[in-house]
Structure formats: structure tokens, C-alpha cells
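A, B and C label the chains in the order they appear, each numbered from 1.
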Amino acid sequence: MTDPATTAHRAPAFLADAWRIARKDLLIEFRTRSAFLAATVFAVLAVAIFRFTWDPTAIPAMDLAPGVLWVIFTFSGLLGLNRSFSLELAERAYDGLLASQVARESIFVGKVLANFVFVSAIQALAIPAVALFFGLEIGGAWGVLIGIVLLAALGLSAVGTLFAAIAANTRLAELLLPMMTLPFFVPLVIPAAQASSVVLRGLPLSSAMEWFKLLLAFDLMFVSACIVVFPFTIEE
Amino acid sequence: MPIPHGTAATGVADSSANRSADGEGDVALVAEGLVRAFGARKAVNDVSLRLSDGECLALFGPNGAGKTTLLRLLGGLLRPTRGRTTLHGTLLPGPSATRRLVGLISHHAMLYPALTVRENVRFAAECQGVIDADAATTRVLQQLRVLDRAETAVRYLSRGLQQRVSISRALVHGPRLVLLDEPYTGLDEVGALVFTEALRELKASGATLVLITHNLTEGLMMGDRAAIMQDGRIVHEERAENGGFDLPRFQALYRNLVHEAIA
Amino acid sequence: MATHPPASPVTSAPTPDWRSVKGIDAFLAVALIAVIAVCVRAIWFTPVDAMLGAAQKIFYVHVPAAIGGLYIACPLLAISSLGYLWIKDERLDRLAEASAEVGLLFMGLVLVTGPIWARTSWGTWWVWEARITSTVFLWLMVLGYLVLRGAVETPESRARLSAVMGGLAVLLVPFVHLTVRLFRGMHPGPVVLKPEAPSLPPEMLTTFLWANLAFLMLFFALLRIRFRWAGLRNAVTALETA
């Protein structure tokens, strides 16, 4: 057996632990690709359906596209969030993780990181799809648009991961997650949609400043609040 | 010397000398008056224990007796409503680093099926802060004879092999206290044999073991001490005499205690 | 008959107060009479608003319901949730549950009475006005909170998990309000007349104040009943699982 006396240990390291958990989650997702495929197919299908219900002569693309983009963003994100804890609970690997010296907050940050990468990757496919189908000229707005997506993805991942941890303890986890999270995504999705609408129309960025501030404030407040309350989702 | 009934709850007052009653070795695990309530129901009701290094307690009892809850209390995974647990003088649950003193094995694999054997075990080692995680992983996989399958994804392994991997996962960081919750579930003969051997080695290395099982034969073979739990209390406890237990007598006793409660 | 080992004593179970289920709750009875009386007064003994017509009378229900559902129930839910996470007292969990349920009812009343007024004075059933929109999102959040409560089996986990959600509501409310205000600010909707702001004729003001008092009484009477009911339910669960 591994001799207890000779096994050298180091103290828990917050960010290193979080990064290790995120890497592990992403590796599992990369191997199985279950959620990513589902979310991508969903995103492309949704763009296509929105395109067919759209009458270009009645509504300008600019009025509709930001809404479509952020609806897809929200729902494809939800598809990934459930997986975040279901992969832990399938064989109760979560028990092993909780029994390790990793701090609860590290587990949460790791999960948020993995979900953040997941949601951003879906968006990397969804935005070009929306641009293509709706004939948007994004041009020089790419940089700002990516910034908005990253800000929104961070807030969505933090709140979504927390609620996924809660939902994982219940029956009907998959049904419950959207019911709990969607009201919380309102102050995230509306500013993101408004800001991207401003950007896509090529209006001066100053007119979207309030929305940017709101997004930033949401991220700051909710990321820290979720880190603080996450340990309460674990039974002790 | 057999311990009379009911002393389990009271026989811990002797903490002045840090030795167990018969001087077998240092007292490793001390639990005092553990109570864990879920709402109004007390899953564990006033349990006290002390175990030495290299000692194995086999814990029996019907479903719902509170065995798993007790195990999680001993490992510091659940907070007791009352009472306290110390492992080599460290209070459990303490700061998160104290959790690496404990290894947990259950009938759940506690593995990620999509990852390989090595990835699973190394992840556990790194989470426990093992400095040379690669070496520790190779070592433990070799000891449990799964090194040849190290690069196979866990989901392709048989149940018996999976269980050996999950034992490797629990032992890779060299825990001082190993908690086993029905580890024999789903193991075939060979798997059980390899597993029993691994437990022996583990005991010899000085780790303290608590083993929950429904199988009296396996439990008594492994344990130096045996306890029966019922309704959250330890209702019987005894120590192996002359290196073993009297199986038929213990079986009869268990049946009496448990069936009495059901009738 | 074999002796049964002594079951663990159910000492920590809340002692049920059976009076609350026997007969009619006096407080609730008074509150209901008060609400009916205020409605009678509002309909027959208060002058009709010259500009807004009879539909204005809806505000004798609408505003008190908003005060109870938005300004009392939501803070109560958030504070008792955070309090539960802090001291883990089972009564705080019941208070949070009761606030959510009664709050849902009162907010529902706001959302039903609002469109009736909107139809008669704005000519449309629904207006995405800032306050209404915020209320809708809060109503949905409280609904999600109650669904979560229903989906967790063990009382301790239910209390803990729902308290996490209830506590986060503290942060959500200002953000929703800010977002919706900003959104509406950019696309101005119809001008909202706020009947509580302009000076009302004395008779209408009196009715309005009485209405607030009556609905407040109803709010707390219902809160008290739900609080006690939750206690009884928990006691029953405890007896069943012990």
C-alpha cells in the first residue's frame, strides 16, 4: 500500500484546484461530447427556425437578431449546466471530490470555469450562424461583441452552476433548472441583448455604456455571492 | 477480553493515556457521543468509539440502522449534531486539509467513466495534494494489479476491476483512516480475494479501517472488532479472541438482535 | 410480543399548536371581515374618480396587494432565508415558505388587477411598464422557489437549498428593477398615473388607508396560518420518519 508516512502532501491551492477540476470537466466533455453536440444542434436549429418565422420586409434584421442570439445563448447554456453536476453524480464521484482536501469554493470556481468555456464555445458557433442566416454585417464590431458574450457567459455560468448544484439534489433536476434560473438571467440577457443591438447597429458605444455597467455589476455581485453561498448546497 | 454490551457508549473516558485498553497501539480514531439528527430523526444516536492504528472495526446492522451516517460522521463528511471525532488528535471535520487523512470506498465506483484509470486516480491524488501524483498513481495501481489497464477508460472495465480502481482512488494519497461502505457489493470471487488482500496490506501499513458490510463472514474475517448497530446506536460490540470470531455464535447473536427488533 | 428497542425521542420536533386547525382562526376572520368591509366601502361609499372612472377603484386592491406582496413578502423571504443559512433555525425556514406562498398570492392579485385597470384606461390588457414587468419576474422567481421546495424530499435539505435561492433574491430584485427601468427608459411607454401620489380627495384617501390596513391584516393572518400549517406538516413528517 501507499505508505502514509512517505506520501508527501501540499496544502490545498485554491486556483490550481479549481483549474484542475475545470480541466477534468472539459476533458470529460471532450471525450463524450454529449452536451456540446446537443447544444450546438439546438443552437443551429433554433437559428434556422427563427429565420423561417421572420418576415424581412416587416421587421429589420437588426431588430430581431440580438433577441434571437440571446435566446439561443440562454437555452443552449442551460443544456450544458445540467451536465456539470450530473457527470459528478452518475457514479457518485462527487463524494470523492467532497472527501478530498479541495475547498468547496474551488470546486465551484472550477465548475464555473468549465461551464464558461462551454457556453463561450457554443456562442463561437451560434454568433456566426446568426450573422449568416440573418445577413448581419458585423464588421468591426467583433471585438465588442465578443466582450459582451464573455461578460454574459461569466454571469450565466456562475448563477447557472450554483442552481445546477441545487437542482442536482432534487427530483426533476432538468425541469427545475430553467424554472429557477431564468428569472435570474433577466438582468443578464436584457443588458446583453441591448448592448449587442447597439453594437450591431454601429451606434456609438457610449449609448450602450449603461448596459455594460449593468453587465459588469451583475458579474461582480453574482460571481462573488455564488462563491459565498455555494458551500451551503453541500450537505454536511 | 470481550467487551460487555453497552460499553461502547461509555468506554472512552480513559483519554489520559493515549493508548487503547489493551495497549495494542496508539489510539487513532476517537469518537465521543456522536449524534446526527435529520430533522427530528436521529440517524446516529450517541455513539462512541475508539480505534487504534492498524485496527479494523466491522460494523453490521440492518438497513437504516445508521451505519452509513456513522461512517460519514467518522470521516468528517457530515457534521455531528452533538459529539466530536478526532483522528490522531485532529478534530474532524476540521479545515479542508484534514480531509486528506481519510479515504472513502463505497459500493458506488466514485469514478468518472469517461476518463481512464490513470486519469481518475491521478485526479484524486492531485485533489488530495499528493506532490508526486504520477508516481503515487503508478504505485497504487500496481499494488491493486490494475496497472496493465491504466490507459483504459473506466467505463470499459468490469465491475470487479472498477472496484479495484475505486479502491486505488481512495488509497492513493495514503489515508490514515479508511472507511468502507459495502465494498464487496458486486465483486466476484477473484475481485473479493484481491480486495481482501489489499485490505490486509492496508492494515499492516498502520491505517485504521471501518468496514460496513451485510456479509458477516467477510466482515468478521477482516475485523479485529465487530459491532452491531441498530436504530442509531451500537447495541453490541466485541473484540476478536485468539485471532478470530466464533462465526456461528455471532450469527446467532446478530439474528437475535436484529430479528427481535423486526418482530 | 417482543420488546421494541426504544425509539429515539422526538424531542426536537416542533410542538404543534392544534388550536390553529380547530375551528376558525380569529385573526383571519377579522381580517376577512375587514377586507369585505373595505370593498363595500370602496364600491358604494366612495366617490367615483372624475377622470379615471369606476376602474380607479381597482387600486383599493391593487396597491395594498402590491405593498404586501412586493414590499413585505419579498424582503421577508430574503431575510428569513439568509437568517436560516446563518443560524439554521427551522422556524425561519417556515417563515420563508409562508412569505413565499402568501407573497405569490398577493403578487398574483397585483398582476390580475393591473391588466383590468390597463384595459379601461390605456385601452390594452398588458403594458410592459417597468413596475409590472419587475413584478412578473419576481412572481416567476417566487414560483420557481416554491417549485424547488416541492422537489426536495428531506426537510433539512429543502430548508438549506431553498434558503440559498431565497437569499440570492436579495441581489436579484435590485438588478431586475434597474434593468427594467433602464429598458423602459429607452423606450418610453404610456405615462403612468400613480393614484397614490397625487393628493386624493379626503374620502378616497380614507378608503385607501383602510384598504391598506385591511389587506395588511389579511396578509399577516394568512402568513400566520401558513407558518403554523408548515409546522404541523413538519411535525407529521417527523412522526412518520421517526
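The rule we apply is simple: a contact is a pair of C-beta atoms (placed from the backbone, for glycine too) under 8 Å apart; a residue touches a chain by one contact, two chains touch by 3 or more.
Please read these numbers as outputs of a predicted model, since none were measured by experiment.
Closest to the middle of the protein, by Cα centroid, lies chain A. The interface carrying the most C-beta pairs in contact is the one between chains A-B. With centres defined by CA atoms alone, the chain at the far end from chain C is B.
Separating the CA-averaged centres of chain A and chain C is a span of 32 Å.
Taking each chain's centre as the average of its CA atoms, chain B and chain C sit 49 Å apart.
Centroids of chain A and chain B (each the mean of its C-alpha atoms) stand 39 Å apart.
Looking at chain C, residues 156 sit in touch with two or more other chains. Contact of a single residue of chain A with at least two other chains is seen at positions 235.
Chain contacts: chain B has no residue touching two or more partner chains. Every residue of chain C that touches chain B in the complex is listed here, in rising order: 2-5, 7-8, 10-13, 154-156, 234, 237-238, 241-242.
Those residues of chain A whose C-beta lies close enough to touch chain B in the complex are 1-12, 17, 20-21, 24, 27-28, 31-32, 87, 90-93, 95-104, 235-236.
Per the touch definition, chain A reaches chain C in the complex via residues 159, 162-163, 166-167, 169-172, 176, 179-180, 182-184, 186-187, 190-191, 194, 210-211, 214, 217-218, 221-222, 225-226, 229, 232-233, 235.
If you check the complex, the residues on chain B that touch chain A are 75, 77-79, 93, 96-100, 102, 104, 106, 108-115, 119, 123-124, 126-132, 136, 139-140, 143, 153, 169-176, 198, 201-202, 204-207.
Remark: chain B residues 37-42, 45, 230-233, 235, 260-261, 263 touch chain C in the complex.
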